[in-house]
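Input: one structure, supplied below.
As written, the chain order gives the labels A, B, C and D, with residue 1 at the start of each chain.
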Amino acid sequence: MTEPRLSMNRRDFLRGSFGVGAAAALAACGFSGGSSTPSASSNASSAAPMAQAKVDGDLIYYSWADYCDPAVKAGFKSKYGVNIVETNYDGYAGMLAKIQAGNAYDVVLPGARYVELMRKQGLIQKLDKSQFKNADQLFGWGSYFDNPWYDPNSDYSTPFSMWTTGIAYRKDKVTTAQGSWNDLWNEQAKGHIYVLDEDDEAIGMAALKLGLDVNTANPDDLAKIKDVLISQKPYLRAYSTDDINNMASGNAWIHHSWSGDFLNFIKTQATDPTQWVYELPKEGAPLNSDAWVIPTNAPHPGTALLWLDWLMQPDNVAKNIDYLGYPLLTKTGPDLYAKAASAYPSLAVDVSKVVNPTVYKNHDPADQAARNAVWTEVKAA
Amino acid sequence: MTDQISAATGASDVTSQTPAIELIGLTKKFGDTTVVDHLSLDIRRGEFFSLLGPSGCGKTTTLRMIAGFSDATEGRILLGGQDVTSVQPHKRNVNTVFQSYALFDHLDVEGNVGFGLKRKGLDKSEISRRVNDMLELVDLGGRKSAKPRELSGGQKQRVALARALVNRPEVLLLDEPLAALDLKLRHRMQVELKEIQREVGITFVFVTHDQDEALTLSDRIAIMNNGVIEQCGTPEDVYERPKTVFAAGFIGTSNLMTGTYSAGAVTVAPGLRVELPGHPELIDGSTASIAIRPEKIWIADFEPDMVRVHGTVAATVYHGATTQYLVNISPEIQLTVVEQNLVRSHHDDRWSDGDSVEIGWKPEHVVVIG
Amino acid sequence: MSLQVEDALVDLAKEKRRSPTRTRLWNVLLAPPALWMLVFFISSVTIVVLLSFGHVGDTGKPVFGFSLDNYKALSDPVYLKVFIRSAVFAIATTAISLVLGYPVAYTIALHGGKYKNALIAFLVIPFFASYLIRMYAWSTLLADEGLINQLLRDTGLSSGIRFLNTPGAVIAGLVYGSIVFMVLPIYASLERMDTALIEAGKDLYHSPLQTFFAVTVPATRAGMLGGVLLVFLPALGDFVSAQLLGGPSTYMIGNLIQQQFFEGQNQPLGSALTVVLMLALLIFMVFYLRATQRVNREK
Amino acid sequence: MASETVPTTGRRRSVEGKPTFAVAFTALFLFVLYVPIVVVVLFSFNSKKSLSVFGGFSTRWYQDFFNDEGLLSSLRASLFISTVTMLCSIVLGTMLALALERVTSRPARITGTVALIPLVTPEIVTGVAALLFFTGLGMKLSLTTVIIAEITFSISYVAVIVRGRLSSMSDEVEEAARDLGCTPFQALRLVVLPTILPALIAAGLLIFALVFDDFILAFFTTGIDPQPLSVRIYSEIRMTISPAINAVGTCMLLVSVLLISLSLVVPRLLGRKDSSLDLISGG
């Protein structure tokens, strides 16, 4: 592809609309990946000393909405005398877009593949683990996350939670479930089936159904995935990540769902928990994790470190597992979770399986664009 | 600008002989259209002066140039001998009463009237004293704290007048101030306006298209048409002795006849010569227009020296105090005749349509227009 | 000189009678808002147009360029389908708002009596509370096991109706969100209308219905056109209603644009979509202005 | 147009005569309008976490709301955005309205008209443009960027409302001020602005309400400072919603009632006949 040089285009554009004065302002930034701010500052920060765990301001918090027990937050606030300025995202892609746009947060909770992406783009900073009083809860007890695939030695992140993606359905409405991704094409529940509104999850689900790799970027595979997803639309009620409410409202009979949300729903919202089943389809189920990171441009990295440490504290871990319904990846987390989810064997999460092929991975830009295009076209159709 | 004013002040000695307003070759053009055309005019101190003319004649534009709302394209404006042609409106010692009154909705009557004084920086007690005096003068003493929307049309008009007069301007400009009032109220306000003017002794420049109003109120009237002054004079002058066809036609009703003058008579229609005695200035063979007011034409009881013409009554219109006859003196010429219905007249005395009549007038009542 | 020419002159005089010294103040006043709009609107729209010819660079960031690739991509039938769907939704929203809003405006304006202002206030209040929360409240009410379906089942009227996640739900959401902007201009034009017109109409036309269509409707056309504009434009660019109430096949242009900027990470494609949306609106505005000019001429 | 109005014909007949049916229709309309409002208020007092089953009366969600620093900071952020936007757009919009009403030169007129384009631009376009502009300039997204975008969007609204009032004001009012000793600027300050004050109040209230509730522009331009309330509500709805949202909604409703009442009462206090509401509905 012949691509005119960016600098020239930008100059042309400036001449047209801003005049010379603004040129200097624009030149420092812009749309190109080349010399733009994040990567530049990452170089600076890798040379700079790592942050110290001490209060240096309020905590600018960026995560899923309601993805932390309010009591845990309240405890942090009163212990350190700081405020938590909370902002939420409703999907990882949107989260990344905001960070790339230059928004400065202290702590962010990306999914594993986004941790890798952000690390490679220089968007997050290296953590000094000696700053964590509770480091022993997270690392050094033989945890896989001492050296996870997305972040060697967990240098840049502290692992948080883990989940499977499966299918939740109502026994009273659906009697013909096959324990397969085909259940998302179930005739009985036609018009009452939800699929998660996340590109990786939807494409991954279709890939598993077709016996393909969840991370495929092969054009033929993607064409098949697109067709199969479009073929599913007549069965669907909607694409939505709001699985808990969709199940609670009665609109969903079958929901492409995250294990933790299912447990949360069963414990807090379901009118009759015994009606609900969470199945892991036989073709395989995605197993993923997330981790806390501190962005390079975090205004208060000291408070951020204190927050990460706070989350590792066993009593807080217990509270969060109880509140969220997700296993947390500390020494005590998996056991606490196992107890909480004991009634639902399908919700068991085997930490050792986290290196399985159903983990969402990163792609080179062209492949990523191809996957994005599939998802766009499926949604638009 | 300040220099200009002080220079002007220094240059001219303000005496009572100086006219209140002098307009010298005043011209206003909008694009290619000339709205006011080299107008020159002196308005005397203490005079009630009217600019009378049809809409679009340039009278309002002239007024706006005097006030400073509109810039003159050419010519000069002198107020009390000072050249104010390029002085901004707020620095001219004139005030205006607007056609729409333009009262300030957000202020009460007192606030409206005291607005100009407050701008001048007078102290509060002085403002309040003068506002009270002025409101008494316009008979609104009891409505000091009323908002404009609570006032009747006539009251609004008086507030507008008081608001302008309270500043004791050299000249008060009035832009059709009575046009929005109903007939009865208008007549009452005319009387009040005249009284107030006499009392305060300020020069009034009054713009109107209503000839009756102009005749009733004015010391002098300038009749404007197409941006020029057709005639300027006392009400009697312009009514009795119109100088142009337009002036004759615009003020009141005039019977106009045009023809060739020869040997003491004008041939206004083939075979119809109207005698015109006492006009030695007219040369035989020249064209002359003559105008006669309807009420100056008699239809009976003639006096000896009258000029008489035969005609036929075409229509009779009874007006109560008067009766109006339309009399054809030739197939083309119809004269309007107005007769007072006096006590002695009886209904059956009057003429009816189709009657053959003789009409007549005194030679001195005939106005010859250039 | 004819009277008409004189009138024209008077108008001309009015139009241009401001003195130069006064005009300077107005130009001074114009400068800040004009400058603001130039910097923050005109130039930012220019960026959108320019970026629509660009592409996504290797680092996933948008890069300017001179290619028509994005527009070629948009020729895919999938996108055309979304554009048509959006137009249909927006037109339906506008039509429904008009049909439902007109009687309400009419009743309040002509039969509201002394409660007129209170009724209008009552009508406006919900629109000043969060649109999103009201939408959410609807979605809980209309859920399959929500209050309304429970009522339907309890009364035996129906075994349950699927309201949500349908095109109808999206349109209903749009109507609910903006109908007040239809009611208010119509109400205003009805208020301004001389009610003597209706009385006169009653003498001329034998049925009230004929009177309504022959007198009231034309007299309020300006209000209706205003309402149409205020409802149609936001509806065409909306993505919230489809997001919260829509189903798998109710994607609108707004959703597509939103996705390109926040999920698909293809800002140049999103820019191209935005440009196409702007062009579509330009065409709409041309027709709209013609219609309003016709109304003005008739006046 | 005619065909769209056909379904209302049955109603129309009675409207022209006895308005029973029309009144009933309007009542139904208002009822439907208020159904979700009632639900929001009711469930804000729900003792259960459920948004569909009412468990009993409780004020726990209000306690949650008033103790939720996140929600509160969002509320403060939205109030701040709305207030600043209101003030700035009133100043700029009024300037624009005055200029549009008064400038005579052709370039100035064109400029003024162009400044009204946002009025006919869907928010998403303005949002996309603002986002690209800010990120392109390397500006950090923040409350400032939201405010800038909202002002850009609001100026034309203010201009249209204020201009409507200005055009109904006689030029002579301003000339009278000049006549009575005001400089052009004093005439503006002492006479024109006080005269159009009700329109300014109306425009201000409208902008405040629109901006406070605006989601799309805020969504595109918000940064990490506490997010505007609408954006927070959106992300909660998209993820896991807390009934505290109903408490927020109820409070917003109260504020809205207060604002509307103010708009009805304030002009009356100022002794004006035209209430702000007329101007809102007229604009």
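In this text, a residue touches a chain if its C-beta (ideal position, glycine included) is under 8 Å from a C-beta of that chain, and two chains touch if they have at least 3 such contacts.
Quantities reported herein were computed from a predicted structural model and do not represent experimental measurements.
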{"item": "Shortest chain-hopping distance from chain C out to chain D", "value": "1"}
{"item": "Greatest separation from chain D - chain, by CA centre", "value": "B"}
{"item": "Identity of the most central chain, Cα criterion", "value": "D"}
{"item": "Pair of chains joined by more contacts [C-beta pairs], B-D or A-D", "value": "A-D"}
{"item": "Approximate Å spacing (C-alpha centroids) for the pair chain A, chain B", "value": "87"}
{"item": "Whole-Å gap separating chain A and chain C, where each centre is the average of the chain's CA atoms", "value": "36"}
{"item": "CA centroid of chain B to CA centroid of chain D, Å", "value": "53"}
{"item": "Chain D: positions in contact with at least two other chains", "value": "51-52, 131, 136, 234, 237-238, 241"}
{"item": "Multi-chain contact residues (two or more partners), chain A", "value": "31, 36, 249-250"}
{"item": "For chain C, residues that touch 2 or more chains besides their own", "value": "16, 21, 42-43, 47, 51, 140, 143, 145-146, 261, 267"}
{"item": "In the complex, chain B residues that touch chain D", "value": "67-69, 88-90, 94-96, 98-100, 102-107, 115-116, 119-120, 147, 149, 163-164, 167"}
{"item": "Chain C to chain D touching residues, read off their complex", "value": "14-16, 18, 21-23, 25-27, 29-30, 32-34, 36-37, 40-45, 47-48, 51, 95, 98-100, 102-104, 106-108, 110-111, 117, 119-138, 140-141, 143, 145-147, 184-185, 187-188, 191, 198, 202, 207-209, 211-213, 217, 224, 229, 233-234, 236-240, 243-244, 253-254, 257-258, 261, 267, 270-271, 274, 277-278, 281, 285"}
{"item": "Footprint of chain B on chain D - complex, ascending", "value": "170, 172-173, 175-183, 186, 190-191, 194-195, 197, 270-273"}
{"item": "Interfacial residue positions of chain A with respect to chain D in the complex", "value": "25-26, 28-31, 36-37, 60, 62, 64-67, 70, 74, 77, 83-90, 98, 101-105, 241-242, 244-245, 248-250, 261, 264, 268-269, 271"}
{"item": "Chain D residues within the chain C interface of the complex", "value": "1-2, 4-5, 7-9, 11-13, 15-17, 19, 22-23, 25-26, 29-30, 33-37, 39-40, 43, 51-52, 92-93, 95-96, 98-99, 102-105, 108, 111-112, 114-115, 117-118, 120-126, 128-133, 136, 148-149, 151-152, 155, 159, 171, 184-185, 188, 209, 212-213, 215-216, 219-220, 229-230, 233-234, 237-238, 241, 245-246, 248-249, 252-253, 255-257, 259-261, 264, 275, 277-278, 280-282"}
